[in-house]
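Okay, here's the structure, questions in a sec.
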Amino acid sequence: MRIGFIGLGAMGRNMACNLVAAGFDVVVWNRSAEPVQALVDAGATYGEPSECAGADVLITMLTDGEALTEVLDRYDLLAAMGERTVHVNMATVSAAAGRALAARHSESGRAYVAAPVLGRPDMAKAAKLNILAAGCESAIATARPALDALGAKLWPLGESPERANIVKLAANFMLVSAVESMGEAASLVAAHGMEPSDFLEVVTGSVFNAPAYGAYAPAMGQRQYANPEGFRLALGAKDLELALEAAREGLVPLPVAGALRERMTQALAAGHGDEDLSALAETSREAAQLDSAHRD
Amino acid sequence: MRIGFIGLGAMGRNMACNLVAAGFDVVVWNRSAEPVQALVDAGATYGEPSECAGADVLITMLTDGEALTEVLDRYDLLAAMGERTVHVNMATVSAAAGRALAARHSESGRAYVAAPVLGRPDMAKAAKLNILAAGCESAIATARPALDALGAKLWPLGESPERANIVKLAANFMLVSAVESMGEAASLVAAHGMEPSDFLEVVTGSVFNAPAYGAYAPAMGQRQYANPEGFRLALGAKDLELALEAAREGLVPLPVAGALRERMTQALAAGHGDEDLSALAETSREAAQLDSAHRD
Amino acid sequence: MRIGFIGLGAMGRNMACNLVAAGFDVVVWNRSAEPVQALVDAGATYGEPSECAGADVLITMLTDGEALTEVLDRYDLLAAMGERTVHVNMATVSAAAGRALAARHSESGRAYVAAPVLGRPDMAKAAKLNILAAGCESAIATARPALDALGAKLWPLGESPERANIVKLAANFMLVSAVESMGEAASLVAAHGMEPSDFLEVVTGSVFNAPAYGAYAPAMGQRQYANPEGFRLALGAKDLELALEAAREGLVPLPVAGALRERMTQALAAGHGDEDLSALAETSREAAQLDSAHRD
Amino acid sequence: MRIGFIGLGAMGRNMACNLVAAGFDVVVWNRSAEPVQALVDAGATYGEPSECAGADVLITMLTDGEALTEVLDRYDLLAAMGERTVHVNMATVSAAAGRALAARHSESGRAYVAAPVLGRPDMAKAAKLNILAAGCESAIATARPALDALGAKLWPLGESPERANIVKLAANFMLVSAVESMGEAASLVAAHGMEPSDFLEVVTGSVFNAPAYGAYAPAMGQRQYANPEGFRLALGAKDLELALEAAREGLVPLPVAGALRERMTQALAAGHGDEDLSALAETSREAAQLDSAHRD
């Protein structure tokens, strides 16, 4: 099976690598040249976007809905897609963008699957992503072998692609909430004289022993937030924004998300945007002045 | 080894049962007579508080610090404790109460261990509690066989008993945050036409596959919140209050906890206090008017 | 002086009326015909948008930036404006839209003033608006006689039009905060057995004796929220959204605004969007179940 | 008329001075000697607490309910009060303390009026306080001449003393909300390049032209927060805490108050507790890193 892969960012390059390793015929394209060579070295071929679009399955993993729409338009990919090509959009996009993308493909008679993922670059590398897939059943079936090579589990979410986008946004809101709560709690115990790392070991070893915590606790404990395979805080802020946008659209008050949003802005203002999401813990520390001399 | 056990509430009765089953010589007391008989039937003996206090290990599992202090005072338990008796307080108490209790025992020359637990009554029944133990090392060692019969794991947290109380409060804040976030997220997907239970299956089956979520998702999915073996929402509200009190004392801002507190009050005002903590999801539904006719 | 006036909504019709009454030669246009006749009866003339744009001063008072942009584009108003016409945009628009509008006019060599107002339709009728004006000094001077006929006071905010938009959004955030706080406080005293109206009389008669409170307290006290001359809650929600957008852009955390936003959503979900902003008090009452039987 | 006055803090000393100036026979007591001399120099006499309690009217203006209760108990003031003495408690106390104080006086057959005030030390000095008075009508009538010498206006709030306490707490919550919102808004405009003082002039000169804003805007504009006649931020934090306590007791969710509380903690952690409440604006600036080099 031939797979076109567009978007070789921190997530995409790991995913495309796994497809090559699984034996698929993979043709890749990326806006900047830098990550392409590594894929070609690994066995992929380089192709123009239209060539990628002509494959059996076209996977796009771009930054957001705007980036995807721009590529679709600039290279006229809907026209370039084969009649039987299935476009699998694995990026996190807004509910509105998700609906618009589904409508555009439908109007052009193209098969479209929304398949955003839960998992950071390191999970992508390990092919342990949770894939949230929604779209026409037969289209998902066509893409399935590729998706199986990318993830630990595929969660079918029905025929309406937008649903997968909503689930992804709701889950990422839960994730930001989990990490922020853990950071606040770590500051609470620190203010009472305990080592945050001891606390984090307890919680992630007991009732919070899930990746949503375990993947972020070590960085928090060591206060080392640079991690190219992590989840960029600025991306978490963006996802939270999209979740709140979907909530406003659906008239659902999300008081915790509202509090998180402003805390995220505080973290961005403090310069943590390019660090891992676990850097939220630093903003808790800063707000409590835990590292100020006058605490002593 | 002889164990005195005071406080046979939803948690305590399950824990005392496990001690009896593990072969300890258990003497129990409870303010109301009702739960005593079941324990006696199971093999425990009934005794006055002072008799319980004279055992090798005195375990107290009362509602809160005030209840414990009242029992200590009324029955003069510090005097009734043997010289080598170890008092293990397994209840959730405030940081301030924790400090005061430690000081009282110390001044009286009595051994005191704070050992609050993570886990609901059903986990207590299954002897799968996570036990957070702090206090003098030799006292913990004395109590250890009993504690091992109660829980899946014991987490030693140092010599200062108050630390165990802080960790417990910080963990319960994280728990309330996890459940509320899950409830908000479930309302978000519901407003976009999805079944919350489908969403909950995805998240608790993937990156949130921890008891903090798994123990609450089924009730949320089925919207059945009556559960005598669950975690009463009103207790969760109280623990959150104690966490915020400890945070204020330590000058640690907890913006998520602040938002949670008001949402908890909304749930209490709506009459969900005696239901399981998962009933927070109903408050999200109510706030979004998800069950109102005008939504259709 | 000839004034073109586009946008005869709840605010605009009152403002245009005052211009006619002040003796200006006013030519009006509105998307729907309904409000035009009353203006014509009062002494204005009807004209196409391009005719309005050819006046000495073109005042636009449309719903938002999108509506204004649409009218500008559809009727090519920048081309229709005279060389010396000053366009005064009195609507509340986002910071981004404000910048874009200023840039478009500048590129076309047209004079542009942003002059959003503080005040509800009843204040517009009474010509007691506070006008926040920013733009080229000479352009403001040209428009000044018209603006003086509309408001009690004009506040010059410098040459950069966007500033007036930011000030307006910041002030409306403060307004929503004032009204919501008053509503929460009214529920607090009600839960303790007092009449909210007694409380509101005290606060608006003492340290809160400003329009931001006084204009909303009577409706709150009487629980009568239908008011065509009031400030629609849904518009308040929109302004708050724009303030948060500007804050995110400027990396400024606004924790109170974050909490307000979710409360606004709760009010919208409960169907209060078309009522006056004071209806926020009902959402406080609903959240506290103040009118539920079980309170008694 | 003879007036006993206990509590010569920042508020009390100004109030007692006004009573002396109005010609009353004033006997004062204070825990520390320092402020007594100034009163004596002004014409008051010094007396023991029991002597103060024997006057026609006993005014107490202590820090909080705990301080008042301690003085009542230590000096057995209820016994020392004359049969016709009216005790007017002008301090801000919790709803619970207010109830307890009313009950104690009632049981002892002593007249008690709760009369907390709205206004800062500078307003106390100018005899422009708003006095919130609740208690037996005849007791208020007895104290009225003294109260009239202290304030611009007296607001009668019924026979139940606790009501005055609740109104005071609700109003102070509104005040903290007003000041915090103004500070957040000032940071928002600052991030967009404007002088906060220009913005503050606009809002306090237009729809927010009330003491709740006007008393705090100048300090915010000049960023000078040391003010012995101001409202200490730490006291504002305490009042907010009491408002939230009363709200929890009455099961009233206060989402804005919840957000405020955590922001207050952030301000306290940053060392602003002894500054004027307007210093909240600094916490907004700090959270947005407005004074950091990387902003430029």
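Here are some notes:
Per-chain residue numbering starts at 1, and chain names A, B, C and D are given in the order in which the chains are listed.
We take it that a contact is a pair of C-beta atoms (placed from the backbone, for glycine too) under 8 Å apart; a residue touches a chain by one contact, two chains touch by 3 or more.
For clarity, every value in this text was computed on a predicted model and none was experimentally measured.
The chains that touch chain C as well as chain D are A, B.
The pair with more inter-chain C-beta contacts, choosing from B-C and B-D, is B-D.
In the Cα superposition of chain A onto chain B, the rotation angle, rounded to steps of 5, is 180 degrees. The two sequence copies chain A and chain D touch through a face in which the numbers common to both exceed half of the numbers used overall. Distance between chain A and chain B, defined via averaged C-alpha coordinates, is recorded as 35 Å. Centre-to-centre, using mean CA coordinates, chain B is 51 Å away from chain C.
If you average the Cα atoms of chain B and of chain D, the two centres end up 39 Å apart. Within chain B, contacts with two or more other chains are made by residues 247, 251-255, 257-259, 262-263, 266, 269, 287-289.
On the side of chain A, the complex with chain B involves touching residues 95, 118-119, 130, 132, 153, 155, 157-158, 160, 162-163, 166-167, 169-171, 173-175, 177-178, 180-182, 184-189, 191-194, 198-199, 202-203, 205-213, 215, 243, 246-247, 250-260, 262-263, 284, 287-290. Taken together, the chain C residues at the contact with chain B in this complex read 255, 259, 266, 269-271, 287-289, 294. Against chain D, the residues of chain B that register as touching in their complex are 241, 247-248, 251-255, 257-259, 261-263, 265-266, 268-269.
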